[in-house]
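Each of the two complexes below includes chain A, the first together with chain B, the second together with chain C.
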Partner chain A sequence: MAYEPGEPTPAGLSEGRNLSPGRPSLPSVPRAPLAIRVEGVRKSFGRYPALDDVSLDVRPGELLALLGPSGSGKTTLLRLIAGLDFPEAGDILFDGADVTFAAAAQRGVGFVFQQYALFRHMTVAQNISFGLDVRKRGSRPSAADRKARVEALLKLVELEGLGHRRPAQLSGGQRQRVALARALAVEPRVLLLDEPFGALDATVRKSLRRELRRIHAATGVTTLFVTHDQDEALELADRVAVLNRGRIEQVGTPSEVYAAPASAFVAGFVGEANRFEGTVADGLFRSGAVRLPAPGVEGPAVAFVRPHTVRLAAGPGQPDAVAATLSRQVANGPVTRCEARLADGRDVEFVLDHAAAEALPPPGNALWLTFAVGHVFAVG
Partner chain B sequence: MTAVAPSRSHPRSRPRASAGTDPLWIRVLALTAVIGFLGGMILLPLATVFVEALSRGLQPAWEAIREHDALAALQLTLVIAAIAVPFNALFGISASWAVAKHDFPGKSLLVSLIDLPFSVSPVVAGLIYVLVFGLQGWFGPWLQAHGISIIFAVPGIVLATVFVTFPFVARELIPLMEAQGTDEEEAAVSMGASGLMTFLRVTAPNIRWGLAYGILLCNARAMGEFGAVSVVSGHIRGRTDTLPLHVEILYNEYDFVGAFAVAGLLCLMALVTLALKTLLEIARPELDSHGV
Partner chain C sequence: MATATADRGRPWRRRSAVPGLGLTLGVTVSILSLVVLIPLAAVAARALSLSPETFGRVAFSPRAVHAYALSLGTALIAAGINAVMGVLTAWVLVRYRFPGRRLLDALVDLPFALPTAVAGISLATLYGPNGWLGAPLARAGITLANTTGGIVIALTFIGLPFVVRTVEPVLRDLAADVEEASASLGATRLQTLVRVVAPALAPAWITGFALAFARGVGEYGSVIFIAGNMPYRSEIAPLLITIELEQFDYAAASAIALVMLGLSLGLLLVVNAGQAWMKRSTQA
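Entry: the complex of A and B
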């Protein structure tokens, strides 16, 4: 299970070669990145369905985000893939081999828990080498090899010299890195992370996101992470699977999911959007004064308009201009965020660059807006 | 005291009630009440035991402890504890592991059952065994036919002690294990550790201090139990008398020095337990950190 010559060997891990001979694993040897297929999986807790007929293909070596609100089933899906829970129906395949009911230990997964679940009575080094220490005699690397592997992993997660500390003596970000190193120590075929940055403050969160990308690039291991934070998913992942109420609503690249949401839920959950309820007739969505092109939709509908697609109109004469009153404007970094109230009392948010914002009247005054693009979905 | 050196850190160290501190008179009142209660209800009687035991000097007290029946009672007490405590430690670990780390139907019933010995009077606990194993009981005739004696013999005392001390270890471990959750175990399993390996390397080290504490409490009760043991023992001097029963016998025979000397011995064993418990509590906070 060592990295094959010719494959990208992670820079800091070259000492780790050939450290895990004969590990009991399901499909056979060459250590190309793993493809995962989830087919028609169902799982419920009591009467509450956590996953309802979920199918998902994870491509070899990709970094995939499971994005959804709490209770959407994303953590359940991750645990089923890890072998920490088992589905009531459906299959889970690793490189085509059925692992649906295989024990976690047999799957070769690295799991990073939301609260890290570090062994509190062990040092950092003991934590990281645990997965190697518990192997059966014969497939267990020698003490010197294990030590070298721990050192290489500490270097990979930039915690050199902290091997002797205990988890309680580390900061949240450092614990997260230890959890990551521990999960990687067993040379997993897939790395699974449950809300990896959930418990960290914003600054640490940002730098660890970059870190995870770097480590993913260095190891090339197929990686899934669960998050409820759309920024995190869009920024970090190669592809995003959006979950809602136990179903996958859409799988796509971050730009696909953002620019072409497949459902009203995705449009509302991923990225900011103004939501309008109305009806579509003859390919035109109407909601009060707001009109949007809506090809292929008919009847009651809901429309989502991104704040950055709203434009200022020159005046009431411009076609489709909607009258509004500016409520507030705030310079936020490179852009100006604005809130306005339409004549029928609904509030809309929009974003302008600073140059365009100079044309704004003072708050409390009238202005005209155009809504040119939106995502329109039939309701019911 | 004529010249009081001013304290360096608090030049005007007048006790002041700051926010979050109750007024001085309340604190003084509460503290006086507690000290008065502890003194009157616990320290004074404890002192009485030793004063009475030594009322005619060290020699008679020492004789009372060295006397044959007293030594036999001491030995029996230690044997009972040596059987009951390991048994209940094992049971407590398995029960709390099952309750805290797993979900199964009837779990709350099991938890209530574990608590039963705390809520049942020890006398009833003793009677239960008499009814089951005694001569007039369910298995009595059969046991007698096979020459096995349980009631009015050592096995009965062991059974009664085990029953009464059942909950101590489990009660200590269940909340601890529930607070620790199952994440660490799941992490260990996901890295390929077997069930036994996970228990030995992850679960056991996390509960060792709680376990030690529970064993200590269990042991204290096992050596001091009176009610349940009194019912099943039969009070045969030198054979089925434990230390607490021996104290009662001596007292009923108006041998006050003897009774209090043996009681003093029990108290000393309790004080050792208390000292060990305090040591554990000092060692525990840094080693049993829950905040990871």
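Entry: the complex of A and C
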């Protein structure tokens, strides 16, 4: 596992999970992180297939993102793993044991909902403690232990001192932290998060991302989260599973998915890209004046060129230079984002560092671009 | 009253983008006064025109006291039954799709629409000694017609929609994810129901209960046909008022009415206060 070294580990929340040193520990055995296997799962809603023969291996202790557009089936897959829905075909295995039709309560999952789903009539502490309070008398920790556990979790999600508040008195980000703490309180074998940051503003989302990463490192629990935000998936996850129309298109590390997309969908969905339609002959993709090497592809094809790989050419004399007219340039943080129109009317986006952008003519003037690398996929 | 310095002199008047406070409040108060407050004040004025001794004798005669107790008691029991049955009905209507659901949905409103006398006559016929239900029950040794039980049945009938219709929208809005969260945290179905669903439902539930109770206290038409109306046994307070009116003893009728008014108002205030307290403690 690639945890950032030097991440603070709150006392007791690592392997052994004795939450509060000095206090009696909770009656729990240290457990190795859980492996999840999804095999050939199908699920449809009415005539609409939400998941179509989906298989996925989640490695013990990893942080895996289910990335896809809305309607791609990612939330459905998460709910099947949680036991909130059940598949029509296929199996779900936790450490090799079949849990396909086990009730949610029996699976030992922690689920964090997009809209938090906090119990509004309970305080923050009561919310977090709920999963422990509802246990049968034999396995229920003592009141003091439960209280200690709530305190430790409040500390973990950085909400110390807010235990007596009601959910309505918290901000969106704080509510989501409570939801996270509540899910962690039951010592889940797997943590499942459904668009956990979807309802939050950009700044809060960013800090909560780091938070989740830190908490994952501290607890080591196998974690899956659903997102439609590729930045979130690439930044946060150990591995990303890209879903489209009920199928998994690619599973890989963020850099694999970005640098070596397995399909046209992944190339277009993950990261920004200019899309060109054209044909490949003799290993060369042609689309108007745009040419790209395309080994192993033949016939009608589509190419994706990342904006940061587009270069300014010195002039029309340079080989493969494509004539264009600059339409717009905007300084965006460390880079300058530009938009140009090719001679055949197609718009192209590209990114330059500020030094290179100095060489740009004013908008409306001609310039020359080179397209050197792209991801080319056969069509049809 | 209003000073020249705009709103500063009128702290009760907050600037707001929502239009029409003055107009709508004016219309509301006028209508409420004409339809509710002035008639009630007239009742009170009429009753208080009696000397204190006469008022006490008329309003708290043993017969009247019994009628109050009967009206309030049966209305409470009926509202209690409706509180349980109404939530069940609302639950079924909201959470399940089954053939005949729309028919059931419409049936719930029937007690609103039916003239209460019609309901009373139907119930009296049904539960009477020779009725479809009354005859078998009589053989089992249970008499409902002309007893307190009969009154409860009538009040349950007319009160049911109040609970169903107040609880239904809240139940519909109660997001399924809260119940799913409870289940994923290991709660049993019963624990989810008791610890998660019931508390969320409570404010609307109490409102429905209060409405059904208030309706039951004042109900007349459907009760008198099935109650038998025997003084000291099955005579409700609204009937007693009617009897006094028929004897042209308006002051006595007003006195009894005033006591009823006070009792109902007091009980509703208690219920509302309880509800407000609950709301504060759950949403603050």
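Everything that follows uses one rule, which is that the second predicted complex is superposed on the first by the 351 of 380 C-alpha atoms of A that agree within 3 Å, B and C clash if a C-alpha of one lies under 4 Å from a C-alpha of the other, contacts with A are read in each partner's own complex, and residues count from 1 in each chain.
The rule we apply is simple: a residue touches a chain if its C-beta (ideal position, glycine included) is under 8 Å from a C-beta of that chain, and two chains touch if they have at least 3 such contacts.
Owing to the predicted nature of the structure, the values given are computational and were not obtained by experimental measurement.
*Asks:* Looking at the superposed three-chain arrangement on chain A, would you call chain B and chain C a clash or a fit?
*Replies:* Aligned through their shared chain, the two binders clash on chain A.
*Asks:* Contacts for A:366 in the overlay, against chain B (first) and chain C (second): which applies, first, second, both or neither?
*Replies:* After superposing on A, A:366 lies clear of both chain B and chain C.
*Asks:* Pick one for A:314: touches chain B only (first), chain C only (second), both, or neither.
*Replies:* It touches nothing on chain B or chain C.
*Asks:* Using the superposition on A, tell me which residues of chain A are in contact with chain B and, in the other complex, with chain C.
*Replies:* After superposing on chain A, chain A residues 82-84, 103-105, 109-111, 113, 115, 117-121, 130-131, 134-135, 168, 182-183, 185-186 contact both chain B and chain C.
*Asks:* Quick check on the complex: what are the chain A residues that touch chain C?
*Replies:* The touching residues are 82-84, 103-105, 107, 109-111, 113, 115, 117-121, 130-131, 134-135, 166, 168-169, 179, 182-183, 185-186.
*Asks:* Any idea which chain B residues touch chain A in the complex?
*Replies:* Listed in rising order, the residues are 183-184, 186-194, 197, 201-202, 205-206, 287, 289, 291-292.
*Asks:* State the interface residues of chain C toward chain A in the complex, per the touch definition above.
*Replies:* For chain C paired with chain A, touching residues are 175, 177-178, 180-188, 191, 195-196, 199-200, 281-284.
*Asks:* Report the residues of chain A in contact with chain B in the complex, numbered from low to high.
*Replies:* 23, 82-84, 103-105, 109-111, 113, 115-121, 130-131, 134-135, 167-168, 175, 182-183, 185-186
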